[in-house]
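One structure is given here, and the rest of the page talks about it.
Per-chain numbering from 1; labels A, B, C and D assigned in written order.
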């Protein structure tokens, strides 16, 4: 039996996505970098690199280093700034049939906003917001007051209890939480005796962190009512399905884009195949359906 | 510029020395469009470790749709590459980056050190094809020792160019650095192309800047994506602004870069 | 030039180790399991599986699952209990010329005590101790009051600020801190839709977590004066040297014992080679010597 | 019991079917001491992913110091194993576990399903060597389909034993389960040895328990170490206490285990 009319739609607050697969901020450039390698129109939503008001040069090199099944980055939010983003990068999306989610405030073509309160590579601000519930809630409230777009708040995993932060952010009015950002890590070159990153520490991402991300997504989805977006080491459709079963309403693909630019396409196709095999018509019907017997 | 992703069959993988290999891959789309100085990103494993693709210059392309990679084993990824057998497949993205600017007229010197010989060979081949009557092209090659250099020379010798060699251990050609061979050549050329270890490129770049000779260098940095997406491959431009080697480069004019003191 | 009389000795409080390489608790059985595969006498110290007063059966299976460059375990502190440990396991060490560190209190042949306040697989007690500074300090004080042996307190990485816990434990009188225990993670079987571990969550260990461990060891070693023991994903001598440079006075090898039972030997030999190459006579001279220029 | 760690040269790796392979490794120490039912832990990659060793029963040993592994591709580790070429090396630890108890006298039935045929073959070989005049040994083999079974039969046919086969798809031998072939045999034997999928072993075990026939089963669980160190490979013993498959097993008497309801 073939399940007809598979329904991959998911809703993140008021935002309807044609499928639950997005690209994670900072791992997909401004979208156009991938146009020859993947059909951008198939992607549920594209989240572009974090945009700050002023352009930021980012951290000195070296900025990336490979680790076992992962990588450390200390890009430091290098970005073109709001102005150049709007004039140079945004128009490109006029012809892309995928949701566009950014970190900046308001704009007609922007479909949603992800607020990164968890970047480990920026010295002031970010990190503290992400680890103190009251501050996380305050930031959320401030952003909500400024926009009508759905607001997704992106959480840091470098905390004792991520559910506490998630609840605070939900109270602050967030439409969704996304998690996880990178774990803070470090690597040392034993020849030069220097840290491998000029910034000393960086964010760990990739398959290495998937078990931690999945655990946190599961914990958070049991505590909040708003949709949870799963991020962390997702590279295959099996990974994506694990997160959906754990309670994520959608997922983001990060580091995998670097080594498999077609990852998002493969994941969307794989989810469809999985639904067929499981004889489930709508992706919504597997969200949170992990079987826990005790 | 269009990049392609190809699942490339290994045609051949043979060792020149204990740790230097030539890998021949069937990558018709990349072979057809590649320019000298461009590179490919190769997924060396299907597992999660090593995770990231590895960048390699295009050493040569064949008319039958093959690309050749000249590489040295320096770590886990290159070791895995060296174990490939004909019939295996690897996933390749390319051609990436900008490539060298071909100046077919005037006198030029091409300088390659170590694995930096790879793009220099491809460049020499194209330059040789485009060569104008009155132009003189000079090639200077350097390596640790002769056994790394000699197997590559036959191919260079087919070109209408003067070839000079230097080895660190003196086992072949000049005993010393390629940069020393450059000195007598520099006054007679209008263009230098260089690829090799950063220290070598910096000396070449500085000599050229001093003598007002155009110089194009091909930089190496750690690259996570090669696509301009991760922003990991930064170097400092001459104006203090960061540039990204995979997208703005890997080839830069010597005066575009801020060379470390 | 060959450096003569390499000195690999390190001190953990009053405890002198002949080299800085130990086996991590729970990953080396009771030592004897490895006797045919490695020379136990060469090991700096053997830390045996956590011992509780009463024997514990541990958690139901499945208890282990492989992840990218790591594994999740939910053994649940299965152990033979103090009595059988003393009667059946301890005598074996009479003929092993390696320091023996256990989690139980007092005994002539025991050279030190590691207090695990960070096991993610035991429901009550452990986890809370490990995340609340005041409780961590109280546990430390209680153990110190009961023993003359050097006390090592093992810290959990699942906290917002591990240096805070480390300082509390130092204040509580600990002779050393060891870190990290496992990160909490999860995995789901998408066919059965059940968690891959019967316990649902488990502890993530192995090379995947090395960057996080190294970062924490570096942070803690800059905050406390007592020796820091580095743990987490150490499998090669290069890994071990990274931790020593980051500030660890000794290191523990965990998961690597499972797939490379000779790992500890290779690491000891590799550290010696490294000291030779670096022309350094004593391992103490590289501890904390990461070069940070800013 | 002494286990060895050997860096084993691959002598041969050949496919019987699309996904079933026989791997021959040079492991003199393991080959010399291995008993039927024991297993080895193989490191399938030198990288950090896949990280853990994989357990495989010893299918056969040769007098020239080789061990043979019969395996099916079911995931990443077994896929990597299948790509081994002669001359490659893999790291092997073994022999591990307890192995079957050989009862050379009396009548016995050996039941192997799928890859569970591996230890059953080694056992049959040893039993055949030790066989007493009056004993009758019976072998029952099962697989998904005939192409998995037929290539293995020649070797079994050399033994002085009756061989019966069953396939799930009926393409060879009895169309159905090995457990159905066991029924007529059971009244005439005093000992059953079984290895195969858990569901099959459970049925065999229960039949034997009912009829008071000694039965030894070889269990599979997830193993991180195979050495008794990680305590990951637990199953529930009949008395409710946990036992560790790698150390107390993998072979258990049917009545030592608490079979799931």
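Criterion: a residue touches a chain if its C-beta (ideal position, glycine included) is under 8 Å from a C-beta of that chain, and two chains touch if they have at least 3 such contacts.
Please read these numbers as outputs of a predicted model, since none were measured by experiment.
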(message) Which chains sit in contact with both members of the pair chain A and chain B?
(response) C, D
(request) Compare the CA centroid of chain A with every other chain's and tell me the farthest one. (result) D
(request) Could you let me know which interface, B-C or C-D, is made of more C-beta pairs in contact? (result) C-D
(request) Let me have the rounded angstrom distance from the C-alpha centre of chain C over to the C-alpha centre of chain D, please. (result) 36
(request) Mind checking the centre-to-centre distance between chain B and chain D? Centres are C-alpha means, answer in whole Å. (result) 53
(request) Mind checking the centre-to-centre distance between chain A and chain C? Centres are C-alpha means, answer in whole Å. (result) 33
(request) Report the inter-chain centroid distance for chain B and chain C in whole angstrom, where each centroid is the mean of the CA atoms. (result) 46
(request) Give the residues of chain B that touch two or more other chains, as numbers and ranges in rising order. (result) 48-50
(request) Quick one: which residues in chain A touch 2 or more of the other chains? (result) 68-70, 206-208
(message) By the document's touch definition, which label belongs to this structure's chain graph: line, ring, star, complete, or other?
(response) complete
(request) Write out the stretch or stretches of chain C touching chain D in their complex. (result) 26-29, 33-34, 36-37, 49, 57-58, 60-66, 68-71, 73, 75, 78, 206-208, 235, 255, 257-262
(request) Over in the complex, which chain A residues touch chain D? Could you list them? (result) 68-69, 207
(request) Would you pull the chain B residues touching chain C in the complex into a rising list? (result) 48-49
(request) Quick one: which bits of chain C touch chain A in the complex? Just the residue numbers, please. (result) 67-70, 72, 131, 158-160, 183-188, 190, 192-195, 200-201, 204, 206-212, 214-215, 218, 233, 238, 241-242, 245-246, 274, 289-294
(request) Quick one: which bits of chain D touch chain B in the complex? Just the residue numbers, please. (result) 45, 47-50, 76, 80, 85
